[in-house]
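Chain IDs A, B and C follow the sequence of writing; residue 1 opens each chain.
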Amino acid sequence: MAVKILAETLLSIRHIAKRFGDNTVLDDLSLDVHKGEVIVVVGPSGCGKSTLLRCINALEPIQAGEILLDGEPIKPDGKNITELRQKVGMVFQSYDLFPHLSVLDNIVLAPRKVQKRAKAEAEAEALTLLERVGLKDKAASYPRELSGGQKQRVAIVRALCMHPEMLLFDEVTAALDPEMVREVLDVILKLATQGRTMLIVTHEMQFARAIADRVIFLDGGNILENTPPEIFFTNPQTERARQFLNMFEFAAVKHHAPAED
Amino acid sequence: MPDLGLSVLLKGKNMARLLGGLWVALRISLIAVAISLPLGILLGVLMAGKNRVVKAILRVYLEFIRIMPQMVLLFLGFFGTTRAFGWNISAELAAIIVFTLWGTAEMSDLVRGAIISIPRHQYESSQALGLNKRQTYFYIILPQAARRLIPLSINLITRMIKTTSLVLMIGVVEVLKVAQQIIEANRMTSPNAAFGLYLTVFVLYFLACWPISLLARYLEKKWR
Amino acid sequence: MAVLDWEVIQQYLPLYQEAAWLTVRLGVAGIIFAILIGLICAIVQYFKVPALRQIAAVYIEISRNTPLLVQLFFIFYGLPKIGIPTNATVCGIAGLAFLGGSYMAEAFRSGLEAIPAIQTESALSLGLSRAQTMRYVILPQAASISVPPFIANVIFLLKETSVFSAISLMDLMFTAKDLIGLYYKTTECLFLLVVFYLLILLPISILGSLLERRLRHAGFGA
């Protein structure tokens, strides 16, 4: 049901299963992500959204199925796993900057040590990217001197500086104060307009509606809906999705009679 | 096979004597523990309190006790008291006094640490509920502090037991000394008994301390 | 209380200086080996190396639950009986290393375990290898967390050297005891004993609390 004229498939998830002991988190899940596509994954807590992203980045081993990036399988113990990870940038919910490194060093660590790029070149690019997210003046600061929103923008720049083919966002605004959510989402919106391939897990429904090419609704370890946002938010196909969307609506209480206490 | 002390150990009442020696050491540490724990709690609460003069005095006491090797403290307690005050106390009593002073200092620091580790908002939310200072302490702060404190103070007990081995150096006849005596007495018949006997002392200390350490670790995990 | 006899103190001073020097030398040597043992144990346990990890765990339990004095008696008087020759110096250093290794291991391990898993994961997700993650991300952070317990262990081990007098090493403790026994100048002997231990231990203790305060306040923790 995709709307865009689709380019080639970048990421292909085929019948994967993920279990923690007896607890099945992902169950025979399949999904294709095409180049330039923005997919938003929503669902109740514990539905396996974050686990899905962690599996794509091979932070979790899977028990069945396979995940292919550019046709190559991603496995935690695979030989070329560091090369594959470079192609997938990931931003986490918690501020996961390295606290002992300055903002600039946080960003250039991987480009220099993994991609063996020259210091001057990597730093120049880092500064350009920082400027784009409005944080050039913070290059020499340490993570503890930044607000949550600033840290998260640095984390995004850190992922971008590796020139990934695809970006994963794992509830990147969930730990932020409300007034900082916007500054982070704006950065992600800008990335979408540049045609980046992104897989976004979020609870910000307005944002999801604005940015998504496709919305995936995940529940009980399975994809229940896979539709364009206009359809998902106005006319969801499943009862579970309807219930889920209802949680974001508030009934008016103002006109109720005051409760007797 | 050369005799490494097993036959000496099993001869006559030697094993019983060794255990008797261990008991001498354990008795000293247990008496010291029994006095140190309550005293330490008292001093610890004072150190976490607001009185500056009391805090300063306790601080000096604590720092001096902690920076000196326990062996030096033992010498000060044993030889120093004779010299300074003309007291002629037994080595065992001197050891009990010194280990009590030391144990109290260590305990008070653990108590102070446990109390100040309780976050500010615990006091505030307790007071916001209308509890007074005393109630806040008894119902909110101390129960939480106790959970952090108990594993640490059990660890302190093993440290005190281990440290008691030093009383040998001021002439208390404890387990190492008894082992020495047995080795001496059997020097002719089994010249290699030192290996077996000191190994036995080693194992005895381990058996005395290990279960206590395990308990401390179990509680630490359970209450974290 | 007896007043100090400064003449006696001057007379004893060189003996104490020599003894203090021996205390420091033996202490430092023992601590260096303790650090090596501690590093090996911490790494083996952190990476859960099979077999070696269990050996390290057993060693740590034995080392932490027995007194140094008893360890020394066994090494110094017991081991020669089964054909392992020892001399007092080697024995003192070995004993201190055996005791200190387990304490150092705990200090290093607590530092490593204090680093949240997300730090490893975000480093891996950037494409860093396991070794690079360790070197550039985990170790620098773990090291600074380990500093306060490390300094505490150094002080603890230097204090423990006072037990060396039991195997006839002429350290501060031995010198004090010897002089008291010979001339009964108890007050002066004990005074010098305390002063010299303070001279050795106080600077390290002050350095330790300075470092700890700096790490706590300027710590890079978010």
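Here is the rule we go by: a residue touches a chain if its C-beta (ideal position, glycine included) is under 8 Å from a C-beta of that chain, and two chains touch if they have at least 3 such contacts.
These numbers were taken from a predicted model, which means no experiment stands behind them.
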Any chain touching subunit B and subunit C at once appears in the list none
Using C-alpha centroids, which chain lies at the maximum separation from subunit B?
A
Report the chain closest to the protein's overall CA mean, measuring from each chain's own CA mean.
C
Quick one: report the Å distance separating subunit B from subunit C, using the average Cα coordinate of each chain.
19
Inter-centroid spacing, subunit C versus subunit A (mean Cα positions, whole Å):
48
Separation of mean Cα positions, subunit B and subunit A [Å, integer]:
54
Where in subunit B do residues touch two or more other chains at once?
none
In the complex, subunit A residues that touch subunit C:
54, 57, 59, 82-83, 85-86, 88-90, 92, 94-100, 109-110, 113-115, 142-144, 151, 155, 158-159, 162
Spell out the residues on subunit C that touch subunit B in their complex, using ranges where they run on.
1-2, 61-62, 64-67, 69-71, 73-74, 77-79, 81-82, 155, 159-163, 165-166, 173, 176-177, 180, 186-187, 190, 193-194, 197-198, 201-202, 205
For subunit B, which residues count as touching subunit C in their complex?
4, 67-72, 75-76, 79-80, 82-84, 158, 162-166, 168-169, 176, 179, 183, 191-199, 201-202, 205-206, 209-210, 213
Sites on subunit C touched by subunit A in the complex
118-119, 121-129, 132, 136-137, 140-141, 144, 219-222
